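Next come the structures, one after another.
One chain, chain A, appears in both complexes that follow, with chain B as partner in the first and chain C in the second.
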Partner chain A sequence: MTSLPLSRRPASAMHWPVLGGAALAVFLAGFLLPGYLEGGYLQSLLNNGLITGILALCVAFIMHQCGFVLFGIAAYYGLAAYACAILVNSFGFSAMAAAAVALLVTLAAAFLVGAIVIRVKPLAFMMICLSLAELMRHFVALPSLRRTTGGSDGLLFMPEGRVFGIDAMDLLDTGQVWPLIWTATWVMAGLFLIVATSHFGVRLRAIKENEERMRFSGFDTYWPRVFAFAGVGLAAGVAGVIQALATGFASPEMFSIITSTNALLAAITGGVSSVVGPVMGGVIYTWAISEFGALGYSQLFTGIAVILVMLFIPKGILHPLRLLGRKGGRA
Partner chain B sequence: MIPTLILNALAVSSLYIMMASGLALIFGLRRVMNFGHGAIYMVGAYLGYTIASGMNFWAALVIVPLLMSVLGVLLELAVLRPLERRQQIEVALITFGIGIVIAQIVIRIYGGTPLSVAAPPLLASSVKIFGADYPVYRLFITVVGLCSVVALAVWLNATRTGMFVRAVSHAPDVSSMMGINANRLSLLISMLSTAFAGLAGVLVGPYLSIDPGMDVAMIITCMIVVVIGGTGSIWGAIFAALILGFVQTFGTVYLHEISVLLPYLMLVAILVWRPQGLNFGGGAE
Partner chain C sequence: MIRVENLTVAYGAFKALTDISVDLGRRGQVHSIIGPNGAGKSTFMDAIVGKRRPSAGRIFYKDRDISGDSIQRRRKDGMARSFQKTSIFPGLTIFEQLDLVAAHLNEPDLGAIIDTMDLREVLHLEAARAAYGVQRRVDVALGLIGMPDILLLDEPGAGLSAEETTNLFRHLRKLAAERDIAAVVVEHDVEAVFALSDVVTVLDLGRHLATGTPAEIRANPQVVAAYLGTAA
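So, the complex of A and B:
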């Protein structure tokens, strides 16, 4: 599979129509998948894999465009899921309205957090984002909020109405929710790609390269990154809302460090400068974790994977290959 | 009521101080945030359990920090030194992965149920302080914690090695030009840091319980302390640990369950006020 680079690279004019055509073909073919898989294990694996893939896209975007390691993406993922569930349960919202309001809530939260954390150094950024995800995990598990959030057991909910033409009850079926997840993944990947190649993306990367120089040149270096952070939070919220609708459930585990770690692993392994890599990474790690999880080793696997990935392929699995290719080309 | 609370807060703070000062020391020397610090504390606690139930608590209090300093040698020689030239965040994530692996191995060996250690007979009683009964063991934690901080302060400020440590934290390039061997210092600091974590682990056994989630809980607390204190600032970290202990203890009594959220809210509030953390006393970076 070819990786679509996030940063603009010289590509021949012939390249794009071919790539675009192939992408369109894959996108359309994806809708036929549930017919072949007929629900079952593989379908739910792919569903979860793409959800992790969207989270990985978020992590990759912030890493590539802003140079920050977003180690707490679970905060926005879980927040959106809980907001959606609470709006349905306690306020009687329809599925679509709950999803929309939940996304607004997540956007607002991510904006506020971004406004604070963008000012700190990268290492502190990582630790604060992680702490905020833990804050949310404790918050939803508070015993006195039990009637609203379901406490440590998580929150079951029964959405009603239609979501993009699909009955909300049908979304609980792994095959029926697939078109929603599949489309969302493509839309998110497409949006990230467009933003990355836009003027805004160029400005973000320029700030990453040298913030001081950008400030001296008269560019605002604070708000663009806050907006990027808020946008990424929103994207993670989309994953959270879909996951909540697909399972009818929001759990404190959505906020766990392991959720954030897996998204980070998928992003780094797939390569943060690509949009295909993180999604593929999400699917592969979800598969691997489910395999090791069956043996009771899922966390051990995550730990070992973090060590190996950071030791040997901190720039993604394609990077060493690219380097080899470049060396070969020069020789 | 209030004196009891203050004493409780001091006991909690002592544990945090032992953990956070170790983290800040390594960060000062190596610019590495050891995300595996919580797991090392966990190993200390479980080893303490084994030795305390097999031999006795006092033996655990001596043996565990010694064993953990061996782990510190491993940390320095197998992780920090080979990865010296890697990016800060990469090394931080590697230590995080190592932490997960260590914690999982501990859980494999000891199982997932919480364990508890009995306080040694000498410390199991209680004394009357301001008219209220107070467990001697908690006083003991506070005394050990405070002694270790004082010892650390004296070592850093009054000895030659301590001066070298401060020099390397402050200006690594200049101090290496002046002939200070940063690698040797770093080995010493790693051992000290893991030994402190081990000591905190042993001490926590009879006070709170030992459970599989203790590593994550502690590393998150440590991170909050270190960020509030200003990354790499030892005195900032110690001061932040002290504040956090008080906020948590008083919060539990007066705000009940909301107190779980207090450390995080404190973190956010301080960062809005000062993005670089409290950061006094010459922090690194």
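So, the complex of A and C:
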């Protein structure tokens, strides 16, 4: 039988060159930001917002692609930060070497955990991941480990050497660390986008949609999700290492339920179906917490804001804009 | 192509299938499985494709014992299945899901399957938004990918009108002939089965009652008494 050639995408999706050009322009413009902000509060807020944004990207990816609510992303964020700090303090690693080994440790840990939790039901998945992060928070705070982990006070460290051409000590400055955070956010978002739109990403979503049909189509449905989980753990580790290098500090609070909740709420605020949404969600959520905190009602107003988002824009703050864009495109 | 020997499937003390032996699936033919509700038709299908493990007996596929093979292994060996309830990927576009499975199973001509199942116009539609009839065709198309040797369809006419079911059967006969595959169909619509099947097997209360041509089955007094009654 002769068949006509297949088009991989509908014609309306052929806008990637335009979108790519616009993205490149925004990316390059971002490097000029410290010159305008001159360090200080806003710069610090943006740095923290993007770190939360990377964690939100992780949560959003696993939620959108695999259907799991990852309520323990802090485990990999904190693990990478501690591994980096311990390698510098106890083993004399340079900042770059410590970061690389810390990420490998985090990847291995996420892979092992993923191999176990991917098999369980969604509620158990959520609770195990959450419990694991809490367990690690208490573990690093153990008095008997104080010499290595700093106990409940956290672990201060002084990184040496250079990280991608930047002196490690300079990274402690909010303006100087910005290029690293900004680039890492774009790289993470780009990688998540590439994976999500690849055959592997479609495969993950297909498993989420109908695992039985996938098995009847000859697919293994276990390992792809383990690899996805490991990748997400690694990405959270990148955020953890950068945060550790940016502050020279690893704290038990990095493992806390608040860190995981912030990432989850930032992902929901921004919307989990894109890569821009969670990053924007991270920035907005961090800004909102800061503003609400300044008023003295952080928890109260954050709670109200989250309820309003869930009720009126459950697909995230970008969704209405996307709908407007589509209407504009049709007009 | 498939030889079932003394197959028994039990759920605890209850035997859904008891000591069934039958040959199924000749290339280019449609082989239907019929029987009253509770006859064990779907369990029989599940056992063949590996969803249910036999409690006793063996299943041979191309003269190889596949009783212990995984679902994935059987699919890669050329045994495809569609489901009683449409089983597709609702959140993916029709193209995404066909393309995904085609890449995995090295389908040489996905376009031909798309044209055969008349899906080209709806390729970039999210499957959940497609009409039910389209979703059924996507379900069958997913089964056709990868040049399967045998396609097992569990009540492909479920949710379709009698006319649509008859058309689907005609489609299956054409597909079986064109792609030289064996089609094994579990179906309730007896008239469609008799009109368009080459071979019919009747199950009743988990036991094998008869196998033969539609004419032989119509004339079988045991089948008439157990299932067809005077309607046939």
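By our rule, the second predicted complex is superposed on the first by the 282 of 331 C-alpha atoms of A that agree within 3 Å, B and C clash if a C-alpha of one lies under 4 Å from a C-alpha of the other, contacts with A are read in each partner's own complex, and residues count from 1 in each chain.
Here, contacts are C-beta pairs under 8 Å (C-beta built on N, C-alpha and C of every residue); 3 or more make two chains touch, one makes a residue touch a chain.
The shown structure was predicted, so the numbers you read here are calculated from the model rather than taken from an experiment.
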{"item": "Touching partner for A:134 - first (chain B), second (chain C), both, neither", "value": "first"}
{"item": "Which of chain B and chain C A:45 touches, first, second, both or neither", "value": "neither"}
{"item": "Contacts of A:166 with chain B and chain C, given as first, second, both or neither", "value": "neither"}
{"item": "Which of chain B and chain C A:33 touches, first, second, both or neither", "value": "neither"}
{"item": "Chain B versus chain C as contact partner of A:305, first or second or both or neither", "value": "first"}
{"item": "Which superposed partner A:101 touches (first chain B, second chain C, both, neither)", "value": "neither"}
{"item": "Partner with the higher number of touched chain A residues, chain C or chain B", "value": "B"}
{"item": "Partner chain(s) touched by A:202 [first = chain B, second = chain C, both, neither]", "value": "second"}
{"item": "Chain A-touching residues of chain C, taken from the complex the two chains share", "value": "49, 70-72, 75-76, 80-81, 83, 87-92, 95-97, 99-101, 103-105, 109-112, 114-116, 120, 123-124, 142, 145-146, 178"}
{"item": "Complex contacts: residues of chain B adjacent to chain A", "value": "33, 86-94, 96-101, 103-105, 216, 220, 223-224, 226-227, 231, 257-258, 260-261, 264-265, 267-268, 271-272, 275-277, 285"}
{"item": "Residues of chain A touching chain C in the complex", "value": "1-10, 199, 202-203, 205-206, 208-210, 212-213, 215-220"}
{"item": "List of chain A residues in touch with chain B within their complex", "value": "69, 116-117, 119-124, 126-128, 130-132, 134-135, 138-139, 142-144, 257, 261, 264, 297, 299-300, 302-307, 310-311, 314"}
